[in-house]
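Below are two complexes that have chain A in common, paired first with chain B and then with chain C.
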Partner chain A sequence: MTLILDGVRVRQRGETWLEDIDLELPNGMTTLIGPLAAGKTTLMRVAAGLLPPTSGRVVVNGRDVTSISVRKRSVAFVYQQFINYPSLSVYENIASPLRLDPSFPRREIDRRVHEIAEIMGIGDLLDRRPEELSGGQQQRTAIARALARPVDVLLLDEPLANLDYKLREQLRADLKDMFGGSAGVVLYSTADPAEALGFAAPTVVLGEGRIQHVGDVAEMYDRPPTLAVAATLSDPPLNLLPGLAHDGRIDCLGVSFPVPGERPPAGRVVLGVRPHQVTIERTGPGDLEFPAEIRLAEVTGSATFLHLLLPGSRHLVAQLEGTRLFTPGEPATAYVDPGRVLIFDEAGVSLPARPAAEADLHG
Partner chain B sequence: MTGERLNDVSGDVSGDVSSDVSDVSGEVSTAGATVAGDRVEPEAPVGAAVPRDEPGGQVDTKPRNNRAWFLVLPVVVSVAFTAVIPLMTVVNFSVQDIFSPTDRIFVGLDWFRAVTRDPEVHAAFVRTLLFSAQVLLLEIPLGVAIAVAMPRRGLGVPVALVLVALPLLIPWNVVGTIWQIFARGDIGLGGWTVNNVLGVNFNYTLDSTDAWITVLIMDVWHWTPLVALLAYAGLRSIPEPYFQAAQIDAASGWATFRHIQLPRLRGVLTIAILLRFMDSFMIYTEPFVVTGGGPGNATSFLSILLSKIAVGQFDLGPAGAFSLLYFLTVQIVSYVFFTVLTRTGR
Partner chain C sequence: MPAKASPVAVAAGTRRQLPWARTVFWLYVATLMLPLLWMFGMSIRPNEDILGSFALIPQRVTFENYQTFFTDPVWYSSYLNSIIYTSMNAVLSLIVALPAAYAFSRFRFAGDRFLFFWLLTNRMAPPAVFLLPFFQIYQSVGLFDTHLGVAIAHMLFNVPLAVWILEGFMSGIPREIDETAAIDGYSLPRFFVRIFLPMIRSGIGVTLFFCFMFSWVELLIARTITSVNAKPIAATMTRTVSAAGVDWGLLAAAGVLTIIPGAIVIWFVRNYVAKGFALGRV
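Take a look at the complex of A and B:
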C-alpha cells in the first residue's frame, strides 16, 4: 500500500500553502515534522482528500484519487482537537465509522469496538459521553474511532499536542506499539522533535510549505543537511552564531578555531550549537571559550537553562544538568567543543566538512 | 429585548395604570440579576435581599469586610425604584376596591378569586398558551432550518445576515400595520393572492380562523429570524474538523445535523425557546394593531384582555390582580422550561 503526492501545490487566496510536494509514503508509519504554519495540516488535508490541491496528483495504491471525494476514500483522520460526536456514547462513536462502511460485516462491529477500546485503554468507558471524559480519554476515543476501521491511509495531525505532558508520554508509547504492525499508510504529524525522534520512523521535514528533507530522523538530527532541518529537530532551540570562514579556520565572536575535516570555502557561515553542548566548565583542551554575562537562569528541575550574553549582543542558551543557581549580571565563560558545532553556509546548507557524528541523540 | 417590548406596551397603554405593565419588565430584570449574581458569587445574592444583617456569624477566623455590599447598593436602589415600588403599587391596587382617589375599601384576595374564576380570562389563557405552543413549534424548527441553510463563508454571509435580520429591525406596531394591510383581501398583496389566485375565501376581519392564522404567520415572520440568528451563531461556533470528520466517515447530511450540529445547538436553543415563549406569551402590539383582539375575541390574548380591563374599563383592582397572576405565570413557566431544558441531555 502506498500514498504518493505528485507535484502537489496548494494556493489559497493568493498565498502559497504548499509547493513542489513530491512524496512517496510506504506502508507503515511516516513522521511529518515541521514548525508552526509549515503546512503540515494542509498536506494532511490534501492527502485525506479534504482539500483538493491547486495542481498535482494524489495517488493511492497506483490509483489517482485526486478528484475522488473524501467520502469515497478509505481514510481516517485524527485531529489535534478531540473530535468525537458529542451526542453519542464512546461505544457509538467508535462504532459509527464501522456502521457507515457497507463492506464491514455487521456481526463483527461489537467485537471490533471492544477490541479496539481495550487496546486504547478505554474499555471501561464505553457507556460514557465524550463530554464526561478527560482530554486524554477523549483523544483515545478519537484515535480508537480512526483505528477501528481498516483504512488505506491513516492521518494523525498533531494528535498529542493538546494533551498534558504525562498523558502525551503514555499515549505516545501506546501509539508506537500500535503502528508497528499497521497494514496501511500512517502519516503522523508533529511539531515536537522528541516525538519524531521517539517514533524513529522515516521522517519528512516540512518548512514554509516545502519539503526540506526526507530520511531517517536520527541521521537527520545527527547530520542535518540544512539549517532548517537542524532548527526543526532541535528542542530547546538551536543557538545560532555568526562566523567567517577563511583558510580552513573559522572566526566567531573573537574566537578562532580550525575546521576539522575538509576545508570550507571562504565566506560568511552560520554556526549552530545545541544548548546541551554549551557548558560553563571546560571539558577538553580544544574548547572554544566565550566570555559571557549571565542574564537569566530557568530551572526546570532536571535541567537549568542558562541565558548568556556574548560579545556583540549575541544570546546563547546553555542547558546544564540538574538544578543550578546563578546570579544574573555575573560574568561566566561559555565552553563549546568545536567538533560538535554545526556549520552552515549563508544559504543554510550544511558545509561538507561536517564533524563526526555525536553519540547522544536525545538532547 | 423583553424589557424593551414591555416598555413599548406600557407606552401604548398609557395613563397611570401603565405602571403595572412596566412592573413586569422591571421584575423580570430583577430576576435576571439575581440569577446572574448567584452564579458569579453564590455567597452574595445581588439584588435579592437588601443587606440587613451581617452575612454569616464571625465563627471562622477569616477576616471579613462587608463594604462590598455598598457595590450592590446602586442595583438595589435602581431596582427598588424601577421594579419593586411600582410592583407594590399594583399589589396595593389588587387588594382594594377603588371608587375614587379618596374612596377605597380593602377587599383582601377577592379580585384574585374573581380573576381566576373568570371564564373570559380562562379562555384568553388557553388561547395564549395555544398561541405560544404553535409559535414555538413553528419558529424553532424553521429558525434552525434557516440557520443550517445559511452560507458559512463568502459574500453570502453578510447578505444572508442582513436579509434574515430585516424583520427584527421593524418596530412592533409597524409590523402590525404592514400585516394589517398585507393580509387584506381587497388591497393587500397576501390577502388578495389567497383570495383570487389560490381561490380560498380569506378574510381576517370576519373569520376567527383567518384572524388567528394571520397573527400566527405574522409572528413567525417577525420572530423566526431571531431563532435563526441565535442558531446560526451556535452553528458557527462548531469547529470545522467536526464536519471534516463527518465527511471522512461519509455521514449523511441528516446524521451530521443530528449528531454534530443539533447537540451543539442545545445551549442557544434553550435561550431561543425561553425568549420566544416569554415574548409570545406576552404578545400585545401586533394583534392589537391587526385584529384588536377580534373578530369577537378570537385573538384576544391575555395582554389584550388585561389592557381592556385596565385601560378600557378602568377596573384597577381586577387589573392589578390579573397583572400579578400574569407575571407569576410567565415566571413559573419560564423557570420550568429552563429547568427542564438544562436538565435533559445531561
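Take a look at the complex of A and C:
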C-alpha cells in the first residue's frame, strides 16, 4: 500500500499553505515533523481528502483519489483535539465506522470493538459517554475509532499534543507497539522532536509549507542537512551564533577555530550549538571559550537551563545536568566543543566540511 | 470544640441579605400575577357578579364559562385553529431553518454574510407592511382562510429567527465532528439525523419555543388572512361584543385557556432557553 502526494500545492486566501509537496509514503509508519504553522495539518487534510489541493494529485495504491469524496475513501483521522460523538457511548463511537460498512456483521463489530478497546485500555469504559472521560481516555477513544476499521491510510495529527506529560509518555509507548505491524500507510504528525526520535520511523521534515528533508530521523538529528531541519529536531531550541569563515578557520564572537576537513568557502556562516553541548566547565583542550554573564537559571529538576549573555548581546542557553544554583549577573565562561558545532552557510545549508560528531578533532 | 457549620449555612452567610429583598420579591410577583389571578377569578364567576360587585374572592363559583367555551364551535374551533397553525408553523420553520442554518454555519459562499443579515431585516419590518400583499396573494392562490396559509405567513418572521438561533448553536459544534463523520462514511443526511441533531437539541428546543410563542400571540396577520375556517382564538376573543353586551366571563375563560399552551411549552424548554441565553443568541 502506498500514498503518493504528487506536486501538491495549497493556496488559501492568497497565502501559500503548501508548495511542491512530492512525497511517497510506503506501508507502515511515517513521522511528519515540523514547527508550528509549518503546514502539517494542511498536508494531513489533503492526504485524507478533507481539503482539496489547489493543484497536484493524491494517489493511493496507484489510484488517483484527488477528486474522490472523503466519504468514499478508506481513511481514518485522529485530531489534536479530542473529537468524539458526544451523543453516542464509547462503544458506539468505536463501532461507528464499522456500522456504516456492510461487510461487517453485528457479531464481528462487537468482537472488534471489544478487542480494540482492550488494546487501548478503555475496555471498562464502553458504556460511558465521551464527556464523562478524562482527556487521555477521550483521545484513546478517538484513536480506537480510527483503528477499528482497517483502512488504507491512517492519519494522526498531533494526537498527543493536548495531553499532559505523563499521559503522553504512556500513550506514545502504546502507539509505538501498535503501528509496528500496521497493514496500511500511517502518517503521524508531531511538533515534538522527542516523539519523532522515539518512533524512529522514516521522517518527513516540513517547514514553511515545503518539505525540508526526508530520511532517517536519528541520522537527521546527528547530521542535519539544513538549519531548518536542525532547528526542527532540536528541543530545547538550537543556539545560533554568527560566524565568519576564511582561510579554513571560523571566527565567532572573538573566538577563532580551525575547520577540520574540507575548507568552507569564505563568507558568513551560522553556527548551531545544542544546549546540552554547552558547558561551564572545560571538557577538552580544544574547547571554545566564551566570556559570558549569567542572566537566568531555570531549574527543572533533572536539568538546569542556564541563560547566558555573550559579547555582542548574543544569547546562549546551556543545559546542565542536575539542580544547580547560580546568581544572575555573575560572570561565567561558556565552553563549546568545536567538533560538535553544526555549521551552516548563509542559506542554511550544512557545510559539507563538517565532520561527523564522532571524528577526533583534538588529536 | 467549635461548632460545625453546615455548608449551606456557610454559603448563605457569605451572601449578603438585603433587608427588603423578600418583600420586594413578593411585591413584584404579586404585581405580575394580579391580572392573571383576576382573569382567572372572572372566568369562574357568573357575569352578574363580575359587573355587580367588586370582590377578591368570588361568592359564587361556576364553570359555566368553560362549559360554553368547549361546547360552542366558534370558540373551541378557533382555539384548535390556533393550535394547529402554530404547530404547523413551528415544524415547517424548523424544517426550513435547519439546513439553512447549517449552510450559514459551515460553508462560505458568495454573499453569505449579507444574506444572513438580510434574513434578520425581515423581522425589522412591522407585520402590517405585509398585510396587503399576503391578503391579495392568498386570495388568488387559495391559501386564504387555511391553516397552512397562516403557518406560511408566520414563517416570514419565524424562519429568520430560527436560522439565527440555530446557527449560533451549530457554530458551537466543532467542524471536526462533521469531518470525522464524513471519514467514517456517514452520508450528510444520516450524519445530520444521527449525530448532529442530538448535539443541538437544546437549540431546537429554544427555536421551537420562540416560533410557537410568536405564532401563538400574533394577531394582525392571522386575523386578516382568515375568515372562518382558520380563525385564530385571539380574533374570536376580540369579537365577543354582541347585542347583549360583552360576555366577560367567557372572555376571561378563553384568556385563561389561551395561556395554557404557552405555559406548557415554557415548562418543557425552560432549561434549554437558559442555554440559549448563555449563547447570546436569544
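Rule of thumb we're sticking to: the second predicted complex is superposed on the first by the 356 of 363 C-alpha atoms of A that agree within 3 Å, B and C clash if a C-alpha of one lies under 4 Å from a C-alpha of the other, contacts with A are read in each partner's own complex, and residues count from 1 in each chain.
The definition used in the following text is that a residue touches a chain if its C-beta (ideal position, glycine included) is under 8 Å from a C-beta of that chain, and two chains touch if they have at least 3 such contacts.
None of the values given here were measured: they were computed from a predicted structure.
A.B. asks: Check chain A with both chain B and chain C modelled on it and let me know: fit or clash.
C.D. replies: clash
A.B. asks: Would you check which partner chain A:V217 touches, where first means chain B only, second means chain C only, and both and neither mean what they say?
C.D. replies: Neither partner.
A.B. asks: For A:Y85, select first, second, both or neither according to whether it touches chain B, chain C, the two together, or no partner.
C.D. replies: Both partners, chain B and chain C.
A.B. asks: With both complexes superposed on chain A, which partner does A:A76 reach: first (chain B), second (chain C), both or neither?
C.D. replies: So A:A76 meets both chain B and chain C here.
A.B. asks: According to the stated criteria, A:V60 is in contact with first (chain B), second (chain C), both, or neither; which is it?
C.D. replies: neither
A.B. asks: After the superposition on A, what does A:L310 contact: first (chain B), second (chain C), both or neither?
C.D. replies: Neither partner.
A.B. asks: Looking at the overlay, does A:V278 come into contact with chain B only (first), chain C only (second), both, or neither?
C.D. replies: neither
A.B. asks: Identify which of the listed stretches of chain B (3-11, 93-101 or 291-299) has C-alpha atoms clashing with chain C after the superposition.
C.D. replies: After superposing on chain A, the stretch of chain B hitting chain C is 291-299.
A.B. asks: Starting from the residues of chain A touching chain B, keep only those that also touch chain C in the other complex, and list them.
C.D. replies: Touching chain B in the first complex and chain C in the second, residues 48, 50, 70-71, 75-77, 79, 81, 83, 85-88, 96-97, 100-101 of chain A appear in both lists.
A.B. asks: Please give the residue numbers of chain C that touch chain A in the complex, ascending.
C.D. replies: Chain C reaches chain A through residues 174, 176-177, 179-187, 195, 198-199.
A.B. asks: Report the residues of chain A in contact with chain B in the complex, numbered from low to high.
C.D. replies: Touching chain B: residues 45, 48, 50, 70-72, 75-77, 79, 81, 83, 85-88, 96-97, 100-101 of chain A.
A.B. asks: Spell out the part of chain A that touches chain C in their complex, as residue ranges.
C.D. replies: 48, 50, 69-71, 73, 75-77, 79, 81, 83, 85-88, 96-97, 100-101, 145
A.B. asks: For chain B, which residues count as touching chain A in their complex?
C.D. replies: Within the complex, chain B touches chain A at residues 239, 241-242, 244-245, 247-251, 258-260, 262-264.
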